[in-house]
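Same chain, two partners: subunit A is paired with subunit B first, then with subunit C.
Up next, the complex of A and B:
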């Protein structure tokens, strides 16, 4: 291992600009002559819209235009789309209502965009937005997914009965029914997965720009996948032909899923720029992020586990109602279905699984992928019910899990996934050792002696990452293939540019991708530049989400590097008058095997561009190769997280005393960056378990619409984390990587809740475990006696 | 419009601004110093922290006109003579940033925190002092490490001086 190659932790190349204030985020960009947009948003969760009177607004200083949904329709601009088709049990396709970027006739959630005011300054646009008079006729709203299915529930889209988007199933129904009939014991649990609001620290932003000379539209935007945004904006929404639309995602301040989607505001900016003939800039305020970024989770689930007399799991049955919000966001339908139920086997050998999921419209913000996307919801169900089963059997939860682990690979689950490799016992053992599991009873006694309660909770999770392969996702309804592309350009001086379809918004690709190149070509890290986030520079790519950039994005780079090496060897062979098969390439040097003849990588790079050094009739000049990589399978990172809490029954405050995470991510490029990803994921997972909750009032007002009401995890809420690794090399991609971005968010919530329910000796506790609710639970007996 | 003059990163600047202009807007838009970020609209996140007369303030919560005559230092003014401030160094060394959006505010807050705690900083104090800064990426683990290290390094330097 070199100091900068695979497995080393060089400090990040991107950091210098961020620590000196030289980052380049969308709001930092200004275009000559730009105007500013402010959106008029619905104050009602459900209303029909009569007249929109913009006269007063248009008369205000600096106002350039006020545009509505009618203007968009007049220009032939289509609605936003959902790119993943899901079919109901009866074979019928999901029912999706129209989703205009600016409302047409009706608003369906609080914050729905009704009109846009464009002015010379943002302050002027905002002032004028207040003056747009919209004639609303409020209607009854429904925010709870279960209630929305009711016979008298108000309809979000008039044409969609019972607000039911789909009624979907997965698994082996008959075997599952038989397993429950034959079961020695059945354990069941009702589980709520709380609605979360992603809150990347950089609010969404967009600048639309239009060049009337060339007809080219440019959209600068906070996107995790600029190419997909371009494709959707051109092919489906009809903003501009694909070759006349450039999408640039510069530095992006966190995404966590929320910046995958193609939203109304970005769409409007690029369209409005053409319409008003000037650049249009919009930067969301945090309140707008709360209202209009796609939310996450929001599931109600009933789960039941069948056990045989020996304490082996023989079946799992799950019925989930998933709140999808008022419109189907870009990937909304895939999250509670194919990204959720396919992971319900967890780490366990379960012969029969049957899941039913109803996707439901409500008058709330659209719900889509948020860090983990379906997999945290699945893991929460599995790890909560497994814990409950162990407790009902009076058994140590670690031993119950151990007995039921999958032990041979590949393993085909009843819910599509074929796990390629893993060693679940290794991570369980290591985590138990790191947290000193055996010492827990002593620590519990010490806490009790001090008037506190202490609990410990395990979570042995699995996730499917490296979202791909195309054939598999295509057969499940994805509207796009999920491969990745890369292009490696070697300059004549031997420095290297890598163009990747992945996008970095905190993951450190500029460093880890360069490490791979440095290791393979023997060039110093500082001579490698990673280019991403611009559809004019990178030909196509699928972007970054689902922990896919390592396993898929880097594999594409590795494939392109293979081609570079092969061609460079041919050129080196000519230069040294040897057969290509005799050339060895190692540490940046081409050597004729068994001789002392050698050339450095920069020497060969230069020669590649000096055409007379080799017969260009046989070898084309230049050294640039590209590759598209489509993996064989998903990857399956897995591990064990253990949380130990202490609860003060007088205050209800839950303190996380220890948090141990042992993960198997396969081969790791940069351990420092991987640890950072795990820390961040755990913090979001603990946030979900203890603090965060997106709450709507019954009439559809968002009650948690700011950082004053929605509790983000702060430094004082969290402990330092103790991390460990176990490794099984992933056989499904050339680098052996699995992905690490979501593990913490997936594994942490059940670990925390298992610890809290253990501490309080109660069966269940709904997230988030806020002090007030924990205090009530801790004092339930005393409260009941009052 | 109101005239306002101040020193920003050692340079005297003046401009006519609308009285309602926030200091952060003035810095980002008039001075084109975009290192200072806006992460919220309720003075909660700390992405906007700068130093006004040597003290950390949330520049989204101060009007530009309130900084009349003051000396303002932003993240762009922290490195001196091309040399990074020890807190900047520590954030890079300890991987105290991911997307970088909260980072300028975190660093400016940390510099102020270390100044106010010449006795040194332990983990509990750092975590309590970070109450006003939100990071969604790092889980704070490495931010705490970075501030501990910077505090130790700066204390050591002072002791040596």
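Up next, the complex of A and C:
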């Protein structure tokens, strides 16, 4: 291992720029003649719209235009789309209502965009937005997904009965029914997965710019996948032909999934720029983020586990109602289906699994992928019910899990996934050792002596990352392939530029991707530039989400590096008058095997471009290679997180006393960055378990619309995490990587809730475990007696 | 933020004159409540009269058993004052637990009590320590100052100039923070004063209030056990997403118990 190669932890190359205020975020960009947009948003969850009177707004200082859904329709601009087709049990395609970027005749959630005011300054646009008179006729709303399925529930889209988008199934139904019939014991649990609001540090933003000379539109936007944004805006929404549309996602301050999607605001900005003939800029306020960023989770689930007499799991049956919000966001349909139910086998050898998922419209913000996307929801179901089964059997939850672990690989689950490799017992053992599992009873006694309650909870999770083989996801309904591309440009001086279709919005790609190049070509880290986020520069790319940038994005780079090395060896062979097969390349030096003849990488790079000393009729000059890598399989990071809590029954405050995370991420490029990812993921997972909850009133007002009411985790809410690693090399990609970006958010919530239910000796507890609810649970007997 | 006229008077007299001449004016001290309110367009005063230029309004002095704090004194200065720490350590503690460092370095004691946010910390200290509020026109006893949610005995245009806190024999403050905003969901300030034990509760109700049953019990025995059995009625207490009235009522007892324990060191 070199100081900057694979396995080293050099400091992040991008951090100096970020921490000194030199980042270049969308809001930092200003275009000549720029105007500012402010959106008129619906104050109602459900209403028809009569007249929109913009006369007063248009008369206000600085106002350039007020545009509505009708104007978009007149220009032939289409609505937003959902890019993943899911079919119901009966074979019918999912029912998706139209999703105009600016409402047409109806609003369907608080914050729905009704019109846009464009003015010389943002303050002027905002003043004028208040003066746009919208004639709303409020209608009854429904925010709860279970209620939305009811016979009398208001319809979100008139044409979609019972608000049911799909009624989907997965698994082996008959075998599952048989398993329950034959079961020695059945354990069941009702589980709610609370709605979360993402809250990336940088709010969404967009600048639309149109060059009437070339007819080229440019969109600067906070996107995790600029090429996908361009494809959708061009091919489906009809903004401009793909070659006349450039999408730039510069520095982006966090996404967590919420910036994968193509939203109304950027669509409007890029369209309006041509309409008003000037650049149009919008930077979301935090209140707008709360209202309109796609939310996460929001599931109601009933789960049942069948066990044989020996305590082995023989079947799992799950029925989930998933709240999809008022419109189908870009990947909304895939999250509670193919990204969820496919993980219901967990780490366990379960021969029969049957899952049903109903996707439901409600008058709430659209729900889509949020850190983990379906996998946290699946893991919460599996790890809660497994824990419950162990408790009902009176068995140590660790031993119950151990008995049911999958032990041979590859392992085909009944829910599509074929796990390629893993060692679940290794991570369980290491985590139990790190937390001093055996010492827990003593610590519990000490807490009880001090009037506190103490509990311990496990979560042996698995996730599917590195999404994904294109043919596989295509067969499941994806509208796109999920490969990744890379181009490696070696300059004549031997410095290297890597153009990647992955996008970094906090992950540290500029460092980790450069480490791979440094390792492979022997060039110093500072001689490598990672280029991403611009459709004019990068060939194409599917973007960053689902922990895919290492396993898929870096695999594409590795493939391109193979080609660079192969070509450079041929050139080196000519330069040193040797056979190509005799050239060895190591530590940045080409050597003729068995001789002292050698050339450095920069010497060969220069020779490649000069073209004087090799036959350019056989070998093209230059040293630049590209690759598209389509993965062979998902990757399956897995591990064991254990949480130990102490509860103050006087106040209901839960303190996390210990949190251990042992993860198997396969080969790791930069351990420091991986630790950061795990820390952030656990923080979000603990946030979900203890603090965060997106709550609507019954009439559809967002009650948690600011940090005054939406509880973000703070450093003081978190313990120092103890991390550990176990490693099985991923056989499905050339680098052996699995992905680490979501593990914490996936594994932590059930670990925390298992610890709380253990401390309180109760069967179930819904997230988030807020102080009052914990206090009530801890004092249920006394409170009931009052 | 809507448009407003901004003024920075050099004297209290000028501040009062500006105020009386304006259509819908607001005084601003540290601005830690007012500026967020303006940014969210929840208020649209015609004029903002910034009292930050009145240097004489800030300062701390201790004499004759009274800690006097100028209205424009920032929370961070109270928290770090050696004099306050020595005379009434509970007051320095309270100031140091307000908000976050940014708030503590801008927000002022006068602004806090004049705003009378139901979940502000200072009102609990003012009432429990039986402080006297000095204004441009008169002095107001603590028990008469806070009259309701965001309401005080101040007349239109009247400015708080300083607050005089008699030194208590023992005092302590304990609060339970709202998990999201970190404001006091329930804060209890207990003090053994010359006039007896006083217990003031903030955060739990529309306005700070005294808990007489606890005062009586602590007057007999200044111990945590004295208040542990006192049940507070949830009637009239605040209820929101984060805490029901019943839970707040329970927390008043718990925080009171802990405050007494802290006061007893």
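Just so it is clear, the second predicted complex is superposed on the first by the 786 of 786 C-alpha atoms of A that agree within 3 Å, B and C clash if a C-alpha of one lies under 4 Å from a C-alpha of the other, contacts with A are read in each partner's own complex, and residues count from 1 in each chain.
Throughout what follows, contacts are C-beta pairs under 8 Å (C-beta built on N, C-alpha and C of every residue); 3 or more make two chains touch, one makes a residue touch a chain.
Remember, it's a predicted structure, so these values are computed and weren't measured experimentally.
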> First (subunit B), second (subunit C), both or neither: which does A:691 touch?
Replying inline: second
>> Looking at A:650, would you say it contacts subunit B, subunit C, both, or neither? Reply first, second, both or neither.
In response: second
>> Let me test your reading of the model: by the given contact rule, A:772 touches which partner, first (subunit B), second (subunit C), both or neither?
In response: second
>> Quick check on the superposed pair: does A:200 touch subunit B, subunit C, both, or neither? Answer first, second, both or neither.
In response: first
> Which partner does A:708 reach: the first (subunit B), the second (subunit C), both, or neither?
Replying inline: both
>> Residues of subunit A touched by subunit B versus by subunit C: which partner has the larger set?
In response: B
> Looking at the overlay, what does A:506 touch: subunit B (first), subunit C (second), both, or neither?
Replying inline: first
>> By the touch definition at the top of the document, which applies to A:286: first (subunit B), second (subunit C), both, or neither?
In response: first
> Where on subunit A do subunit B and subunit C both make contact?
Replying inline: 123, 287, 707-708, 712
>> Please output the residues of subunit C touching subunit A within their complex, sorted ascending.
In response: 1-2, 40, 176, 179-181, 241-244, 247, 250-251, 254
> Tell me, which parts of subunit A touch subunit B in their complex?
Replying inline: 11-12, 14-23, 25, 27-28, 123, 199-203, 251-254, 256, 283, 285-287, 505-508, 672-673, 675-677, 679-684, 706-708, 712-716, 718, 720-721, 744
> So in the complex, which bits of subunit A are touching subunit C?
Replying inline: 123, 127, 287, 650-651, 691, 695, 703-704, 707-712, 770-772, 775-776
> Along subunit B, where are the residues that touch subunit A in the complex?
Replying inline: 18, 20, 28, 33-42, 44-45, 47, 74-76, 78-79, 84, 88, 91-93, 95, 97-104, 107, 123, 126-128, 130-131, 133-144
